[in-house]
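Both complexes shown next keep chain A, but they swap its partner, so chain B is in the first and chain C is in the second.
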Partner chain A sequence: MADHADLPETVTLTIDGQQVTVPKGTSILHAAEQAGTQVPHYCYHAGLSAPAMCRLCLVEVEKAPKLLPSCVTQVAEGQVVHTQSDKSLTMRRGVLEFYLHNHPLDCPICDQSGECKLQDYAHEEGRPHGRVREPKRVFGRDDFGGDVLFYGDRCVMCTRCVRFMNEVEQDPRLAVVERGDRSIIDTFFDEGLEGTNFHGNVVDICPVGALLSKDFLFKQRAWDLSHTDSVCPNCSQGCNIELHTRDNLVQRLRPRPNLDVNGHWMCDEGRLDYEWINRGGRLEVPLVRDGKEFHATDWKEALVGLVRELGAGPVRALVSPRLSNEDLGAARALVDQLGGGDLVYRSRRAPEELVLKGFPKLARRRDLAPNVNGADLLGMSRVGDNDGTGGLEGLASHDGIVLVVGDDLEDQPPTFGKEAALYVFLGTHSSEAASHAHFTLPLTTFAEQEGTFTNHENRVQRFWSGLPAPGAARPAWLILWALLAEHTGQTQPTRPEEAFVTVSEFGDVTYETLGKQGVIVTPPTRQEPAGAIGD
Partner chain B sequence: MAYPYVSDREVRVISTQFGDPEARTLAGAKQRGRYQGLKTALDMSPDAVVDIVKASGLRGRGGAGFPTGLKWSFMPKDYDKPHYLCCNADESEPGTFKDREIIRWDPHQLVEGCLIGAYAIRARHAYIYCRGEFFEATQVLARAVEEAYADGLIGDDVMGSGQKIDLTVHVGSGAYICGEETGLMNSLEGRRGEPRVKPPFPAAVGVFGMPTTVNNVETLCAVPHIVVNGSEWYRQWGSEKSPGTKLFCVSGHVRKPGNYELPLGFPLMDLIDDLCGGITNGNALKAVIPGGSSVPLLTAEECRSCALDYEGVSSCGSMLGCASVIVMDETTDIVKQVRRMAAFYAHESCGQCTPCREGSIWVTRTLERIEAGRGTEDDLDTLMELTAQMVGTTICVLSDSVAAPVQSSVLKFRDEYLALIRRGERVGTA
Partner chain C sequence: MSVTVKVMNRPEAGRTSYLRAALKGMGLTFKHLVNPEKVTLQYPEEQPDLSPRWRGTHRMEVHADGRPKCVACGLCPTVCPANCIRLVGGEDDQGNRYPVVYEIDEFRCIFCGMCQEVCPVEAIHVGVHFENGEYDRSRFVYDLDRLMEQDHPTTLLWDPSDPKSE
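The block that comes next holds the complex of A and B.
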């Protein structure tokens, strides 16, 4: 018996003429997905309870007296399900017609247009023309607080938003008030979503344009956005996200499901903290200092010039936990090649964690950078305070080689590196404290390069490039490995997956084995200090 | 003169005390035989009580007519988890006013019925969920419960039997949908009064997540009599499938409206013409709604042969429901009456299910437009299609209840709709 206990029992059934075998307890909706059929639905969401109230996922099940809600009906052996039969289609057309009864059809001015489930389903299966002759009821708009605007007339009353706040954020600030067609989602008097930490997710899960992001309001049309799989760069949780980009700018961040990391969600701070990626005034070409002057140059000349100076003395390096594993690995390889030396980083720490109560795997972690664990794993050490400042007294006046990669030195004086025999500054933006740099080399941001971050539990996760690099900016790993190639005369990595496998801490793991979900490489040795107060 | 109207053709089992305020006090109630049934039941095993109710053939009086004993037998037989009995006193179906009268005149009959029911299903706590608008009835009931507690009829040691049964009167806030049994349970738990998806059924997961049975007031009130007198005694009335007596709430165009307790199977026309004294002003009969506003209308013709039991009314094309007989004479404006019913459901829909939330108001607005003389013949097809889309697609059957009067009236009284649409003529005045 014990031998069988962990073997999931399976059930075989027929959906639209196709046999599928699924674990016992699977819903018809999920089983249909496996058979390649998407059953339309509004109220059901994989991350929430299933109230079976939208009545759109009803399907015909042979021998059942009525159509059954596929989201809550479990599969049974030998069941024969028809999602596309006359009965199912007629019913869906009918239910969809009711959805449009009070809907304002203001798609042309609705942000959701193009990614709206009401549009999608009505176009696919609805009636070509409406039959409503009565005036529609009007609710108008409401500011729900935080980043959320409510367009009441568009609401399809799926209660996903209410259930998210009840079940996942567990701070029930939204409710259905009134009943019948007067039902409306509302906040409790003036107490809106302001002050909650995950409310941005209600905008994502709202199947229509009833809940919209103030930040994104009227900014772009959904169909103009390119989507790139990425990892949130704003804390060490490493939420899987998509970058939505247009015009070479990040327009918004959206969570991408990964049940091992962030479920379907992301935090508000992380979601809304993306403008820095779009910040202008970028370093676009390598700069070489000649006395007090900086000369723009090309990479070849910059690297050849730099290699000549590499014997200038012992090296000390400052890196950043915003850099990828590949970048950090290359920085370490360079330092090692130059005889070894200090490798330090600075990082901001929040006073407390913000845990998502209904999905506690996800918390906005205290470390407000994506790759603190990567840096630790590669043997780099943290200096400075919880604001990510200070701690550079020795480095600032070091008289050998000073290498700064990815730290913007904002808190440092213009005299930084004045004593250095060779001061190399790699960054996205110029800095006062880089005035004495002999070489200033332009870096890409994470959004402009491919790479990996190691999150708080040492899960290594890939991200992809969603924006073109400005000018001649390049990823740090590419610059540093090119420098090493020049220095050693040996072939070095020229692709991120090659740069990744040079990091011995990752063992046999490759980009291929990382896939989209990531892999935990080794249990984290560093314990996060105690979590948020009052969990 | 007795309670508004009585007739010697009635068989009064449950309604014996209507009009007699003496039965409201515990002493008066005991004199009239109340709590005999409880005593008898407590001497039996819970399963034996279930069996006798099963044998009596008693069917639920809340509308669906589900066999009561069978429903009780679905409850788990152990005490692993708390069990609950909920008495449904939310009576809000238009045309229905029997439960209120039972509670007003004979509250101890209901308390006794609840205690026996709780005992039979192994519940240690019973709730009576009263409609929010029942001010007087609730006060009478609360007083009766208080007296019964003081007398040891309710509480830790019911009638010295060692059984613990508590009874709580809970007052709703005035929503029809809280009469639907799972909406009732949500409301009792302090949630929005919204019906739950079944399965799971209440006997498995009910109020507070525990096994629960919901029974109507009248259903529970029949139980003490059955326990005392036996199932065969109850079966002397009615038919094999519809045994016993039933309260009929007659309203509308009759001379003597009110509650009449009759053996099931009683002829509808006898009820109207004889017991109720016929149609007001000697007018002609136009239509009857035999079971509350949720069931299809019957034409005068269909009423002729209609016998008032579950099967009889079904075979005439309607349903017995909760036996609320709404009589409409020739002056009735059917379109207006149907519009009023639709408006009631649109107002009372909880709003969860899209077909019900949107359909009920859409149908209402369409009927309003037809009534205002701005309808088209297409609207009748639209009404039939919309209501068809509302049947069988929702969590509870409130949605179906909108369809019943609309569809039956469009089919049976199409002329009245057409008169309005084509000529702007109202057929009736009432």
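The block that comes next holds the complex of A and C.
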């Protein structure tokens, strides 16, 4: 555990016949994990306090009079632990039988099915058949407000959800009411979870299908989803997430633990804002304008044609903070090659930060794009207002080279770029304001390419590609570097890791040193990024 | 391992007569012509006797109120080895899980009956039925309505008197 890393002392113990050395203060549960054994548990969650009440993680420790809850028992020198002994297994089977006493076995219609801890444990260690004759108690389902539905019958009373709201969100809106087998999680009168900003996490931490997301309800089966490590694209916090995809669509976003960035959590706005990734009507082939007509063409022809037109000249480029560092680096390299020019971006800004009180490192930041800091770091400047509109007067009527990468120009009139000697538009979707573009080139979204984002504290984090690119769409860095290769006749990066190291601001950081946790490249020069505009 | 090849000596050209063999064959034909034991079925007037374990095109069971029994659990598309079931789940007006889209491509189906075996609510069945002729290939993708309309008997996946096929 990271919390204990500063304690120098270590303890050596034996778990299931295997010796492990762990820092002092580690729980048996974590030590067992290092020994390669998963001890079943419900109430314990690494991001919450441990009440040791689910009684599922009890293990046999030699010389201890009774079984001990492994989630709160700290390791001791020379301890001998048996997680798979007869005593432990019998106990777990018994506890599981009680969990199933009132459980509805709704698996066919339960969204948790396939990622359910009760299913897993019962399948691994439970009794093959129940012995309960009594009728089961029935609660039915309840709307908790926000994105959360509660299926009371399935709850195992681990109180993770209650503790999350108390300790992490610090807005205690859930509680256990009643007692015994009538105990149930409830909200206070009419006040539900509506209006809290991180309640989606209770669905993730609920080990069973008691808390479900309305957005995901009955949508897909958990076992059909492919998981891809990624970074949340919806604000500059850069929460580590997983894209859950199926049928070439993002079906949901889930947080991925990174204690330096988002802990185990993510915000609801970010979690539910994924439909834009799935938006149809994508640009799929390079288009070349010939008078008023657009002709679909292939990459070779488009790039060769484009290079022929690329005279040196004053360039004005508009990029997007949704682009990766690699994309931005390539855009800057191209502009530099053409004799230099302005690189600007626009970004939506929320009126305030939404901080997660129990884990203040995590906040929904004001910049609603993942790579605002990347653009700043690369010397690009912000224009426009807090809605990510306006600010392009100079660009729209520029008569040199106009390069638009990744900004959809939704607010711009069709006359945009009319005067330009050469107007190149790289985007995922076509736009009215691109109707004067000489070349319209199809881009991938972040979900369809590999790359890195720089978050609000200048932490560079990698994301991976989880969806196939539509048609001939390509990442912006690949297109721009290919253009440069064609233009200069020199070989240029063809892989994201090569494109990444061309950006001098990142020093000697490489994809390998970034790993999954990311690296802070240079501490941010200012606390609140470019707040002046329109504030 | 050595391979043994048997060399056949063919009769020399011009010294062969096929007459005897032809007559022998004709003899067999005429024998069956007068044989009282008939094997030809006068289909369609006469219907064949299908085994209770026959596996034909599918049938979806329906509730008394006309809703399909399927709860869109996704097990049959998961188990289907031919990958021919398309299912999109959703929530109906009573908050229940139900199949918004349920289609079986009967051309791709290999009639293994695994969908019937896996279904937790005994909704999908393969049927004792074989008359599936159509004028159009596209009609072989059976949608939910079509599956619910089918009314032929459903299969017993195993012989009740010999469930283990001994």
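Just so it is clear, the second predicted complex is superposed on the first by the 520 of 535 C-alpha atoms of A that agree within 3 Å, B and C clash if a C-alpha of one lies under 4 Å from a C-alpha of the other, contacts with A are read in each partner's own complex, and residues count from 1 in each chain.
Definition applied: a residue touches a chain if its C-beta (ideal position, glycine included) is under 8 Å from a C-beta of that chain, and two chains touch if they have at least 3 such contacts.
Values in this document were obtained by computation on a predicted structure and should not be read as measured data.
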When chain B and chain C are modelled together on chain A, clash or fit: fit
Chain A as apex of chain B and chain C, Cα-centre angle in degrees (nearest 10): 90
Touched partner set for A:R55, first chain B, second chain C, both or neither: first
Partner chain in contact with A:I109 - chain B first, chain C second, else both or neither: second
Which partner reaches more residues of chain A (counting touched residues only), chain B or chain C: B
Which superposed partner A:R141 touches (first chain B, second chain C, both, neither): second
Touching partner for A:V72 - first (chain B), second (chain C), both, neither: first
Partner chain(s) touched by A:R131 [first = chain B, second = chain C, both, neither]: first
First, second, both or neither for A:F218, with chain B first and chain C second: second
First (chain B), second (chain C), both or neither touched by A:R179: first
Overlay on chain A, chain C to chain B nearest C-alpha distance, Å: 26
Chain A to chain B touching residues, read off their complex: 51-56, 58, 66-67, 69, 72, 91, 94-95, 97-99, 101-102, 131-134, 137, 156-157, 176, 178-183
Residue numbers on chain C that touch chain A, as the complex places them: 71-75, 78, 89-91, 95-97, 120-121
Interfacial residue positions of chain B with respect to chain A in the complex: 175, 177, 192, 197, 346-355, 357-362, 365-366, 369, 382, 385, 388-389, 392-395
Residue ranges of chain A touching chain C (in the complex, touch as defined): 107-109, 113, 141, 217-221, 223-224
